[in-house]
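Structure incoming, see below.
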Amino acid sequence: MRFYENKAEDVVIAYIGGGSRGWAWGLMSDLASQDVLCGTVRLYDIDKEAAEANRIIGNKAGEVEGAKSQWRYETADTIGEALTGADFVVLSILPGTFDEMESDVHLPEKYGIYQSVGDTAGPGGMVRAARTIPMYVGFAEAIREYCPEAWVINYTNPMTLCVQTLYEIFPQINAFGCCHEVFSTQELLAAMLEDLYGIKDVKRDEIYVNVQGINHFTWLNRASYRMADLMPLYRQFVGKYYESGYIKDESDHWMNSTFACAQRVKFDLFRRYGEIAAAGDRHLAEFMNGKMYLKDPETVRSWMFGLTTVAWRKEDLQKRLERSRKLVSGEEEFKLRRTGEEGVHMMQALAGYRTLVSNVNLPNYGQLEGIRRGAVVETNAVFRSGRVTPLYAGSMNNEVQAMVARHSANHKTTLEAVLKKDFDRLLTAFLNDPLVTVSYDDAKELLRQMLVNTKKYLPGWDL
Amino acid sequence: MRFYENKAEDVVIAYIGGGSRGWAWGLMSDLASQDVLCGTVRLYDIDKEAAEANRIIGNKAGEVEGAKSQWRYETADTIGEALTGADFVVLSILPGTFDEMESDVHLPEKYGIYQSVGDTAGPGGMVRAARTIPMYVGFAEAIREYCPEAWVINYTNPMTLCVQTLYEIFPQINAFGCCHEVFSTQELLAAMLEDLYGIKDVKRDEIYVNVQGINHFTWLNRASYRMADLMPLYRQFVGKYYESGYIKDESDHWMNSTFACAQRVKFDLFRRYGEIAAAGDRHLAEFMNGKMYLKDPETVRSWMFGLTTVAWRKEDLQKRLERSRKLVSGEEEFKLRRTGEEGVHMMQALAGYRTLVSNVNLPNYGQLEGIRRGAVVETNAVFRSGRVTPLYAGSMNNEVQAMVARHSANHKTTLEAVLKKDFDRLLTAFLNDPLVTVSYDDAKELLRQMLVNTKKYLPGWDL
Amino acid sequence: MRFYENKAEDVVIAYIGGGSRGWAWGLMSDLASQDVLCGTVRLYDIDKEAAEANRIIGNKAGEVEGAKSQWRYETADTIGEALTGADFVVLSILPGTFDEMESDVHLPEKYGIYQSVGDTAGPGGMVRAARTIPMYVGFAEAIREYCPEAWVINYTNPMTLCVQTLYEIFPQINAFGCCHEVFSTQELLAAMLEDLYGIKDVKRDEIYVNVQGINHFTWLNRASYRMADLMPLYRQFVGKYYESGYIKDESDHWMNSTFACAQRVKFDLFRRYGEIAAAGDRHLAEFMNGKMYLKDPETVRSWMFGLTTVAWRKEDLQKRLERSRKLVSGEEEFKLRRTGEEGVHMMQALAGYRTLVSNVNLPNYGQLEGIRRGAVVETNAVFRSGRVTPLYAGSMNNEVQAMVARHSANHKTTLEAVLKKDFDRLLTAFLNDPLVTVSYDDAKELLRQMLVNTKKYLPGWDL
Amino acid sequence: MRFYENKAEDVVIAYIGGGSRGWAWGLMSDLASQDVLCGTVRLYDIDKEAAEANRIIGNKAGEVEGAKSQWRYETADTIGEALTGADFVVLSILPGTFDEMESDVHLPEKYGIYQSVGDTAGPGGMVRAARTIPMYVGFAEAIREYCPEAWVINYTNPMTLCVQTLYEIFPQINAFGCCHEVFSTQELLAAMLEDLYGIKDVKRDEIYVNVQGINHFTWLNRASYRMADLMPLYRQFVGKYYESGYIKDESDHWMNSTFACAQRVKFDLFRRYGEIAAAGDRHLAEFMNGKMYLKDPETVRSWMFGLTTVAWRKEDLQKRLERSRKLVSGEEEFKLRRTGEEGVHMMQALAGYRTLVSNVNLPNYGQLEGIRRGAVVETNAVFRSGRVTPLYAGSMNNEVQAMVARHSANHKTTLEAVLKKDFDRLLTAFLNDPLVTVSYDDAKELLRQMLVNTKKYLPGWDL
């Protein structure tokens, strides 16, 4: 990277999982839409063909209308080739395939355990972690070898355990995890201002929030706009929409979209705990007792969110593959569409060209009270000139802390178990997950089956 | 109290709940069997007749064979009369009657929630707490008024919340909670030494243990005898008896005694967590997920412990009433039988005549890592000359800490909710209890019914 | 305050000490030079005439060339009148007069104790605190009564104890302390980049630093520009200028200016402790052992900084009084001159119109390891929408922590002693100050004389 | 070691420094006077002849009147031979000779720095540490190799750094440091009870104290006898004897004994800080600012304690050598004289035959608030069955904590500096010592000379 007064050139971004159909195109848009940074993106993917398609698409992105910078897209044959000399590393992979994910999400249904996402907490999240951790051990080792000073941005789920693995293997790594779930809650608060007071066009980042917790189970104990405290307003808002749910517009209706929700879980959690849960309802539900929001499909419907099926994901993938083909062939023109993600802004800030405050997943140095030091937590942080410094987030309320601590303890046990390939230890965590409300024997059998279904990614395990 | 070289006289003990049929007789034995302390015991009970019976029995205790000191037993008409000038206060009451306890323990069975004791954790423990806390508010206020310097020893369950209430209301109180459950585990370890190595007659207090946790959910991360580490021996012992259970002798068989167990829960917890759970299996089971050891009566039988029914308690009470009558009338002679409890030793130590190390329930000043400061926890402490000083107990293992923290958070919420008579807040804790694996609506209805059943002890609640 | 999309109007700033000749004019410039906020400044001063002069000057400030907003300046007869309805409160006073300061700074010289500033640490700082704390008790009480929600910005020294007093008296206050000493160190680092590498025009706030410590004794354990770590560069810079001192240009020569220095103390501290002390050498020297940099005037000269005499301050005041007269009469035209201070930016950020990261004095909630919770410390913080949230600053190095902790302990003792008017307790802190290298009897006598010299501001003391 | 019901046999004690003339004889007495433990003492000393003399004396100790056990004394040619198979290791050496100590204690007098002991804090303590730490590195390595499970009891000064070095090199070591200074303070409190109230014959260990701090700078924030709080009594006692000093009997007069004192420093510290400093005045004075109690010999006399000269020590050694000769030859008969030290009791307790609560030097696991985790601190601990468990000692008062923390920080720096043989780093600690009230240049020169004077024990240093 070479630094000039208002911009940096020759920036090298290594993108692991660079064959993505969808997420990659967003990154291409965000990069092309700014001109503070410019350079090369090295795409690395175990599906080389996919990376090659994105190379072609990416190299078009700098030429379309509105583009401000022209990045060079290359593919790399090995991870070492991708990483050598990288300034930034983006980690965004699908660990395994949707076949494994199908087992993660749907096999537990045989035991009455329903999951709305299945990639973070619950049986699905845990088995996905078992599959992902060995991959991240490899990434950490490669980064230590090829670009130990690079800034590593993780987007893969399970977020907490991906970041935790990186730090476990290479404690000096400059890594953090990035997630947009809190943004949606900021947007909900902006919508609330319009709904209650007619204040229009409030931007997400004008809503200042104090973030506490772990990824997908983050909580806001303070929210403000201008100098106004939004907590009493939110209580009023919850009162208004608790029963009906809040649906901003029909395009966003939870019955039409597998990712949408009517915020009823969020409202219910506010009633119980007095703080704002700041992730989508589909994620939040998975951190609570299995009998609460995910007891069965009827219960889920009553809470007005959807169970994202893997069948849907498979179907959606087909559409994205088709779109990729068209973008490569030129049948469809690539258009810039800002994603609203912070990743590129974070890179600009780390390069020293702006100051950014955003929520981020980092080891707990002391920024979050009540959670073990070293555990990866999500709080706000300041990004600036080669540093990511967490804000002091304080204490969570009593019950929220106990719930977060339980999942955080499970993360620790899961990581230890997977690194040691220790089934019994993993079972300890599995049994401690609040979605696992089945008997010991059932839990043991379920975990074993789930691991067997993903055993191709579990080298060295005795199953 | 007047101090002499080897003994103290004119000691005043106020015994709240002094009408007890059973426990009181043990205290009488322990007091009469020693001569370091001597003085007066003031019996106070809402059942005055019961206190009067114990006055008669107590005054006989100093005259029987083997007695070393003659204590004077008096009854008090008011709690103020009992407490004024007291050096020690013993709190040992039944909060409510067995009718309320019947609802605590058995009503949840309608929702598939089985409880083996129902006085500490779980729905029963929580509702018992709701009933007990207001009584302890009164005790704390009375102690502050009548004997603020006295040392207060609590034996009532739920232990943690009784002690927590005392400190909440009167932070300068000199109070602690006393429980013998850890002693039984020390005895089990002594029995193990004989079973594995033929080492006979090891005394309980020769087994040195490090105690961590909360009452009835205490854990030992270290245990030693002479200079030997007992942890590897315990692993061997668990291996030998995991399937069959360990029954020392038939008189102690779990099928014959409502309080006995075959240690299978304890052994199972050791396999899972690598540390020694140090309470009876009936208690331990209630702190774990409801589907583990208490799923249904068959499951309980397979783990070889019993569900203590309130019907049994009622029957047992009849026997004890009958025995009380005989002891009063002289039909049965009072005999000294040391209880093995530490209460009287603690008083001797506080008076400065010995040094005692024992497990005790105290606010967490810092002696137990990972649990909120101020939360009542159980660790070892040194008793000596007007001071109870906890030993530094260190950190629990990861999962154990998360489990203990969850219950400890529930205690905090429960206390706040009961002090404010706030149903919704109490429901938060109720839903967070691991035995409560039912739906939100069912949980709400169950809690409401249970509270209604004990409403006579819940003045000011709107139910 | 009324909020619009890009600006707020009707902002009310209460300025306590508003008769200042000098500092007030800077604030007027900063306010007039921006248009995000607009409204009224209420000037309150015990010297009403001075406030009146500033009212006249202030009302001209919005009309001069370059002014972007027109603020209304008013005087207030009482502090209550000034504070009622205030959105922001600025506290910037001279506690007592230069006569008292003369005793603070120069009386200790009789005992061989030299002070370069005498307003923060050392005998002078402590006695100034004794005089200032009662005033700040009054401010805190008035703010609690008249504008409890207002944001209070303190500029008065001794900074730490002023802010600590505010929080001691009114714990819910929204107050922080603001100091520009760190800025100068950022500027020094920018100058270093030009000196070593010819990188020109780096702006102060492009140098990102991690701030740790207490006001005027702040330390940087990290400093970066773009993505470069500046610590190794600073080591090189120290090596280059350790002997000669670093003087940017002659206008800034330490022999010509009572406030300038050649950074030799700072360089020496870096050699000793490996971290960058971030305040002027005159301040830093006062926190170290009295025999190090302030042994006698020769020693001070050898370290190339000056002892700021109170005679100089008195003379300078005469010049500023003269200038005030001319500005009021119109003989001299008021010109906008941005101060480089952050105060007005902080107000903009608190009002929700920008995000600002700057160093600030706040109680230690947990942002600084190794220093008592609640002690006022200086670290970075994020200013945004009604919130000042400290960044997690981590641990200082071992010796630095011990030194900071010693002064921080002294602050606590000083505050307690002054609130209780307890000479013996204050003497404890006095003797514990590292500049006080005299005998116990001498120290006692010196402290007594110094307090007597300021007794007019010590109502209720028995001296 | 073989364990029987009431005693252990074949106990092996390795005694490093076993050639001692004086201290060794006390240990022999203590061992022979009890019969709970019996076995072999292996004497190792770099002065083999001295060890041989003690072998002869030791083997007589079991045969004299009053002896209850007969230990076998052997000499070892190598440290490995001494340690192999040891159950306990006693470390009690003189690091270097009195020639080096002469420089430690008296050279600083040239710079106006007087030291009353010179073996713990101050210039003398620091340089003694520089000489001792490499020896303790060797001990730690040898213990790791030859007897990693053994319990290691250190008596050598500087106590804190000896114990810290052992843990630094071999973190799993079972080591602690033992010091009797607190005992003397307990005896002073017992004497106070007689002096004020005529209560006679109170034994030292009937005075229960809470110990906080570091070796030779320990503080008691609580002291009790029976149930009485001794703090208000001590205030009264200080009032009575502040001016005159307290001298129990003339045999103990400070003018007659180089080790005695009139407690005036202790009383003065109580007046200043409100807590009981619990070490001899000669030690306490060395932790305070050099101008307080040690300004010059006149000041020392006014505080009624003595400066222990090394000339005295050399003379005393001659007497002890002569006595050794006589004990070996039989000219003088060995007599049992209990030392009052706890060492042998600690061994009994560790072997599982008793429970002991005593003050001890251990790494700070969390037992002492406000001091860095891992720093060696002195608090009470329970000794029992292979475990030394510290009591939770809580927080010190504000100023005491700052003073202790400063010395504790110095320990850390000193250890790091000595392990790295880094003069500049050691100078940092030296300058931070409160006795070092001289200028930087003088301090640097003094430290260099002192190190040169002990360079024979500083292999690898570049001086």
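Which chain is which? They are A, B, C and D, in the order written, and residues in each are numbered from 1.
The criterion applied here is as follows: contacts are C-beta pairs under 8 Å (C-beta built on N, C-alpha and C of every residue); 3 or more make two chains touch, one makes a residue touch a chain.
Not measured: the values here are computed from a predicted model.
Report the chain whose CA-based centre is farthest from the CA-based centre of chain B.
Most distant chain from chain B: C.
So, what's the distance in Å between the C-alpha centres of chain D and chain A?
57
At what distance in angstrom does the C-alpha mean of chain D lie from that of chain B?
43
Which residues belonging to chain C are in contact with no fewer than two other chains?
In chain C, nothing touches at least two other chains.
I'd like to see which chains touch which, written out pair by pair.
Listed by label, chains in contact pair as A-B, A-C, B-D, C-D.
Please output the residues of chain A touching chain C within their complex, sorted ascending.
1, 3, 5, 8, 87, 201, 206-208, 210, 222, 224-229, 350-352, 355, 357, 365-367, 369, 380, 382, 384-387, 389-392, 394
Given the complex with chain D, which residues does chain C contribute to the contact?
271-273, 289, 291-292, 295, 299, 370, 372, 398-399, 401-403, 405-406, 408-410, 412-413, 424, 428-429, 431-432, 436-440
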